[in-house]
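Going by the order they are written in, the chains are A, B, C, D, E, F, G and H; count residues from 1 in each one.
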Amino acid sequence: MQEKNLRELLAQVQEGNISIDEAVKELKDLPFKDLGFAKVDFHRELRQSHPEVVFCQGKTPEQIREIVKVLAEKSNNILATRADEVAYQAVKEILPTAQYHKLARIVKVNEHKEITGKGTILVVSAGTADLPVAEEAVITAEAFGNKVERLYDVGVAGLHRLLAHLDKLQQARVVIVVAGMEGALASVVGGLVNVPVIAVPTSIGYGASFNGLAALLAMLNSCAAGVGVVNIDNGFGAARLASLINAI
Amino acid sequence: MQEKNLRELLAQVQEGNISIDEAVKELKDLPFKDLGFAKVDFHRELRQSHPEVVFCQGKTPEQIREIVKVLAEKSNNILATRADEVAYQAVKEILPTAQYHKLARIVKVNEHKEITGKGTILVVSAGTADLPVAEEAVITAEAFGNKVERLYDVGVAGLHRLLAHLDKLQQARVVIVVAGMEGALASVVGGLVNVPVIAVPTSIGYGASFNGLAALLAMLNSCAAGVGVVNIDNGFGAARLASLINAI
Amino acid sequence: MQEKNLRELLAQVQEGNISIDEAVKELKDLPFKDLGFAKVDFHRELRQSHPEVVFCQGKTPEQIREIVKVLAEKSNNILATRADEVAYQAVKEILPTAQYHKLARIVKVNEHKEITGKGTILVVSAGTADLPVAEEAVITAEAFGNKVERLYDVGVAGLHRLLAHLDKLQQARVVIVVAGMEGALASVVGGLVNVPVIAVPTSIGYGASFNGLAALLAMLNSCAAGVGVVNIDNGFGAARLASLINAI
Amino acid sequence: MQEKNLRELLAQVQEGNISIDEAVKELKDLPFKDLGFAKVDFHRELRQSHPEVVFCQGKTPEQIREIVKVLAEKSNNILATRADEVAYQAVKEILPTAQYHKLARIVKVNEHKEITGKGTILVVSAGTADLPVAEEAVITAEAFGNKVERLYDVGVAGLHRLLAHLDKLQQARVVIVVAGMEGALASVVGGLVNVPVIAVPTSIGYGASFNGLAALLAMLNSCAAGVGVVNIDNGFGAARLASLINAI
Amino acid sequence: MQEKNLRELLAQVQEGNISIDEAVKELKDLPFKDLGFAKVDFHRELRQSHPEVVFCQGKTPEQIREIVKVLAEKSNNILATRADEVAYQAVKEILPTAQYHKLARIVKVNEHKEITGKGTILVVSAGTADLPVAEEAVITAEAFGNKVERLYDVGVAGLHRLLAHLDKLQQARVVIVVAGMEGALASVVGGLVNVPVIAVPTSIGYGASFNGLAALLAMLNSCAAGVGVVNIDNGFGAARLASLINAI
Amino acid sequence: MQEKNLRELLAQVQEGNISIDEAVKELKDLPFKDLGFAKVDFHRELRQSHPEVVFCQGKTPEQIREIVKVLAEKSNNILATRADEVAYQAVKEILPTAQYHKLARIVKVNEHKEITGKGTILVVSAGTADLPVAEEAVITAEAFGNKVERLYDVGVAGLHRLLAHLDKLQQARVVIVVAGMEGALASVVGGLVNVPVIAVPTSIGYGASFNGLAALLAMLNSCAAGVGVVNIDNGFGAARLASLINAI
Amino acid sequence: MQEKNLRELLAQVQEGNISIDEAVKELKDLPFKDLGFAKVDFHRELRQSHPEVVFCQGKTPEQIREIVKVLAEKSNNILATRADEVAYQAVKEILPTAQYHKLARIVKVNEHKEITGKGTILVVSAGTADLPVAEEAVITAEAFGNKVERLYDVGVAGLHRLLAHLDKLQQARVVIVVAGMEGALASVVGGLVNVPVIAVPTSIGYGASFNGLAALLAMLNSCAAGVGVVNIDNGFGAARLASLINAI
Amino acid sequence: MQEKNLRELLAQVQEGNISIDEAVKELKDLPFKDLGFAKVDFHRELRQSHPEVVFCQGKTPEQIREIVKVLAEKSNNILATRADEVAYQAVKEILPTAQYHKLARIVKVNEHKEITGKGTILVVSAGTADLPVAEEAVITAEAFGNKVERLYDVGVAGLHRLLAHLDKLQQARVVIVVAGMEGALASVVGGLVNVPVIAVPTSIGYGASFNGLAALLAMLNSCAAGVGVVNIDNGFGAARLASLINAI
């Protein structure tokens, strides 16, 4: 559309219908006006294998339905995160084939099958209570075209459980570590592997965990270099970052 | 310069030297490439009566000297804020006419004389120790072309001192309130005037003032509507915002 | 009433019924006693085009009903903010024509029609979840007699969406920026306009957003000068400050 | 009881039935063993006009009932604070004459009528939402034998409302200031009176009020000397301190 | 002066030189204009036995000298708090008889001798490191005309030291408790006396004391009712509040 | 199992079926692979008298049921902590003899009877509201084979109640102190005994207790040396640590 | 002394010189008056093998000298902690044989030689920068009569360094873990041993370590049960607690 | 060495000199004992092209010298970070060819020349004051074998400066964003690229920046997915993570 306008303008210049002065005046606004379409072009290609994502938390069923309806027009690959049962129903009204990953709180539509990521993303988690966040990472990473493996319930208080799977740790291309409480798992894993580690603090804990602050600070201060941290409970963000790394 | 390039490109289109396809390709990158000059054009006019500003804190004398040298090439109206004696000497080496407002910690070069602001900016402060921040606001606002009045040492513990100057308060077009400790002055002034109030918490206080946090929180929670808050000790920012309001 | 008392006192002085000493004694208490009416006089004029405002949150339906009843006696221009469905019903019992702006959580009575603000207030928001706060700002600003425009869903992660509307940004007289999460929008907008920017952090986010603290701190530290910040989720306060600026 | 034991021991010494060595051995443990009764004696006198107090919050109806039953055996003057409707019913089962002060969330039994405090305690509050805390202070102070006056809804944004009652302020022997949001009222009142001021921050507010933290910090940093602060929402504690002062 | 103006105005009314309308107009501004002098009158009497106070911290020797010079004109009873050796010299230049209480960091001029407080203020402190704050309270309270006693080094870890002086505790009219670290002393003392307790948290401690925050929070949460808290290290404020109580 | 593999490997070496090179290759991975069984061996002995523990908070009844089912296969000594009525029912479905300690929020199965701890663990608590945490410590310590005594409702505001039981305090081998609000009890007890004190801050309190932060900080800053602190409300952890000490 | 008084009183009762009523009156104050000596008696025995301790930080050389002089009269076993070179000189003036442990910042006089602790205390530390705190623990524990071993530089980022010394870990009777940054070492060690673990967070780190807060929170939230935490950098307190445990 | 021991043990098994039972007993300790050498083997290969790193901050020149001496024995590729002039001299004494990158505060020895990273790491920074952290990232990433480009002084307040270099942004394989104050640059960059973004908050700012907390929180809450955050001022850690990504 806007490219069409640009072509018409240039045609008019070519044909001498408008002066260069007039064209300059018109084009000086171009930087901002046209940014949108340039951006879209730039992104379109990349997005072909990626799902469109809706963050459901804090949205009403009406809002979710409406957003999904719009997205469904341009994509058949949709991820609705932080979705409860009600959000699931809202998506299903629009897209009846939607599937609900309850533990991960994700609704997925027309799941992306092709593996485009080049290696394996390993999702490691400390305790049972961290599973929703870990699963959010797993389902998201899969939806973004990655091969994903799980290594769960390997908190540092029972170090042998983690060390028993050292091979798994060392075969991954990217490791996502999900841990609440004192978040020590990120440092321990960071010391055992030589690949990027993405640490996800969870809000699991009580008292002086301050809803994940303890784990967050611990991960930011990790004595193992090579650890990047995302927001508390942000399994989705960790998976997105891991996907970008695994896509390289 | 870049406009010149654009004209040349259009001239080549006009003259049929390049095809529309080639011109489109060239112009599609324009949004980002040309943004710089567009921005500069847009800003140039506004800046004519405005000083160039250097934030000196944390910069070495060498860095300050170098930056001032560059600015001095395009402007004879320069403000160096958070400047100590050493910073002053650095500026003076480049611009010997620079004046030092010690209390305000500002070095000013070739002070802007013309008043362009439409009304008076009143700077109100609570205690003697708040003066450096208040003066930073005063000197900055003057440098940006405003008529400024001072109303100092009118903390709420002696309410009569403030109320004795109600006329001054009510004649201002914008009021900047500078206060540390409990920062109550912003709420009291906000309840007495019908113009925008810009509140500047200061780090004055000790113990549970937590370096200005107490005043900051108080001002953000002001029961008087119509109060906008800037960062702790940010007299400069308050003056900039007041200037924008007074320029309307 | 009190003015009447004052006149009577002066008449008695004029008529020699009381001595100057006695009158002085009486009048020395005047400053405090009469302050109320003086204040009211001073404000009455200003208030004529302004709505009376009730902050409903934390009030029982009975309290809201009672307050609205009192206000309704002196004004037919009432705004009830932070109002849920129950609060709306309470207002409606007293004022059956009250309208409910559900998203903005505002009940408005006898909406003020006349535009007294001199320019346009632009309300810019980052994400869908920020809409309640943005709409609170919009409805409030309109109720205070301003022309308001909206620019929604222009978060910085998709910069092109914001830049596509640069004209709108640059035509506003005051800009209110509403953003949660990292609150970066305030800085970006602040760098694009030359008018006052009022930043409203929202509590949208999770984990390390700490209920809006992240956005609040970001906005207070904005690298763009000329940004004033109000409390988290305080769309009303931002609109009040914008109204005062736009009334200049 | 224990005094009886002591007398018996001394009688045995007097009568030569036990040696001084044995008595010393017995008495060396006395400091700790007898501390209880000594303390009780010391306090009994003071307590005669004071109610026994139960803090209901976080207690089950069963626990409240049991505690009240025990207290009712030694006193007919009981105060149950932070009591909801359910707590009220629990008290009433034991003491049918109990009265419920709903706003103050206090259940009072056999209200103490005699005024023993020497002057008036004035309870000043900023906004309507602060009333529960203010009333908790009022009812408590009355129950402890004080004459109490109220000065409500005199927040600093409308200073004239407060100043109109300067006489009331200056006639009090102790002033309790109850305020949420920015808590500025404590400083303003502290500057207007020459008697002890007890400041009670309330959790009223939102966003950066952080559940009363803003008001708490403001009051601790009050620029008016002579202000003592109690915990957030602690109307009871303020009234207890005021009672002690008023009892001097 | 202003009273003279008022008399002249009334005389003109009496003499019929100005109309009642004109006089009303003039007097309507009176509330604010005259507030100052009314206040001063009100306070003068009270201040006669009170020292003028300068808070030296953060002031330059020049500023201190200038302020002391002004105060010395109207009073020969001056207290300079938070004064270091340099501040002392500054005061001494103006007032050669000034004495320096080094530990208390107070410079006192022409010490007030008369005891006007009605009972004894007891200053209790936990550890040796709390002495500067305790002494600030002692010297201040004495300067405000109180009989003061000290009970030092009675931290709760050695309870016997405190209990050995129970008589001293119970003979005081007001108790000031100065403690850092965990600040438990305030609760223990509050449980042993039946008079007002003013708690001063100190910044003594390290690590998780967070510069006095631990003691501050502990004191605000004291399980002993009747404890009022002042800012961290604010021995002066505690003494002022104690003076007001002791003056009743 | 893994030991069996190791034996088989060694047997093959012994029998010459595999070369030393091959065995080394196999065994080099052993450190990590075999860690698990080594650990289990090491722990098995210790665990014989210890219950298996499930932390129920944040787990669904299904998850609890499943975990208990697994544990029940290897142990008849199970502790389910932070268990509500629903969790209790879930455990009971698997193990019908499970008993519910409601106040302690613990479900215990086949309670361990034998006392293996060498001395008495004394659990001291400040107020009635701290009982759930105190009881969690008591029930846990008993389940781990300790003799436990209780000393409840001995908050420092009524010091005589605590001192009346000095003998109990001084006969314990380990003392657990459970206190909310200002947490001063830990320091006072720490000063009275010469055995290890484990301090458990509780979330009891309101306002500036910040959900137990005040008590936590106070306990960490205890002026009585020899106090170890566990997480807020962590009665279980305190009992575990006390058990380890009492097992020495 | 006071026992003598008690004996005299009882003798007078025995001899009929004073009545039982008079003796009761005298003895009723005993609880508090005599507490001191009772306490001292109780403690004397315990203290015989323990050093007297001076915390030097924040004390002037004069204060240290004076305190040491007093202590030297009753004990030849003195520990001065947090001592710099200046403090060392102050101690040495009084006690020329004092030795300075520079890294541990401890001055020790007449070092206690006899080992009274029953097992070994192992001090484990994460990084080189944690050594001052670790050494403070070591020197203190030794001074209190314990056999101490060191296991340094075994941070979790290089897990093999720690695991290589598992025997050392498992032979200790008490383990002190000293770690800054993310403090994960406490959890890992806590999972490897079956003895009490005392965790000491250090202020080592930068940025989001917030002077040891990150390590402190991590340790409080340790997923390994049986970990008690002391204040940030409190090597002394950890050693005191370990001594008490090792003395059992 | 240890492999030799293992071989000897197996040889003895093979030769029947020790029983399988004895060998099992010996090997059961192997997991922990041998972990060290296994780990070293595993890492040796990786480390060949990597520098050994010393974190100098908080270390004495003696400590630095000693550590460098040890490292110099096994590697001629050493990086000393957070090094001031004194630290530089300490390194130089051992390794005279050491070079000092003053702005980056890094001492580099025998700089690694070969580029092993597969793409370009782009380091983007907001302001001049962020340069030390940005340069720390640059020098570190180069030392780890990466091609690095700089894009400095492109803070979001002047968006055109950033957008003018969109090509640079989009050609990078990994982007490190270094920003203080409100840290908005990370979100803006994250929205413009499709590669991993590593965000480094800096402590640049004042007041409510709280030493980098504002930027840290902003980056953790970035509305652009795919952003990993490291500790405040941790340019080194960001470069390490970027290296790991670029090494894939």
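Observations on the model:
Definition applied: a contact is a pair of C-beta atoms (placed from the backbone, for glycine too) under 8 Å apart; a residue touches a chain by one contact, two chains touch by 3 or more.
Owing to the predicted nature of the structure, the values given are computational and were not obtained by experimental measurement.
Summarising the inter-chain layout, the chain whose CA centre lies farthest from the centre of subunit H is D. In this entry, G-H is the pair from G-H, A-G or B-C that repeats the interface of B-H, since more than half of their contact pairs coincide by residue number. With C-D and B-D as the two chain pairs, more C-beta contacts join B-D. Subunit D and subunit H, compared by their mean Cα positions, are separated by 58 Å. As a whole-number value, the distance joining the C-alpha centres of subunit F and subunit H reads 39 Å. Shared interface positions of subunit C, defined as residues touching 2 or more other chains, are 29, 31-32, 35, 38, 158-159, 163, 207-209, 213, 216, 220-221, 225, 231-232.
Contact between chains, as defined at the top, is found for A-B, A-C, A-F, A-G, A-H, B-C, B-D, B-E, B-H, C-D, C-E, C-H, D-E, D-F, D-G, E-F, E-G, F-G, F-H, G-H. Those residues of subunit H lying in contact with subunit C across their complex are 126-127, 155-159, 163, 181-184, 186-188, 190-192, 205, 207-210, 213-215, 217-225.
Residues 42-43, 46, 118-119, 170, 173, 194-196, 198, 216, 220-221, 225-232, 236-237, 240-241, 243-245, 248 of subunit B touch subunit C in their complex. Contacts from subunit G toward subunit H in the complex involve residues 128-129, 158-161, 163-164, 166-167, 204, 206-209. Subunit C contributes residues 3, 6-7, 10-11, 13-14, 16, 20, 23-24, 27-32, 34-35, 38, 41 to its touches with subunit E in the complex. The touching residues of subunit D, when paired with subunit F in their complex, are 29, 31-33, 35-36, 38-40, 57-59, 63, 67, 201, 203, 211-213, 216, 231-234.
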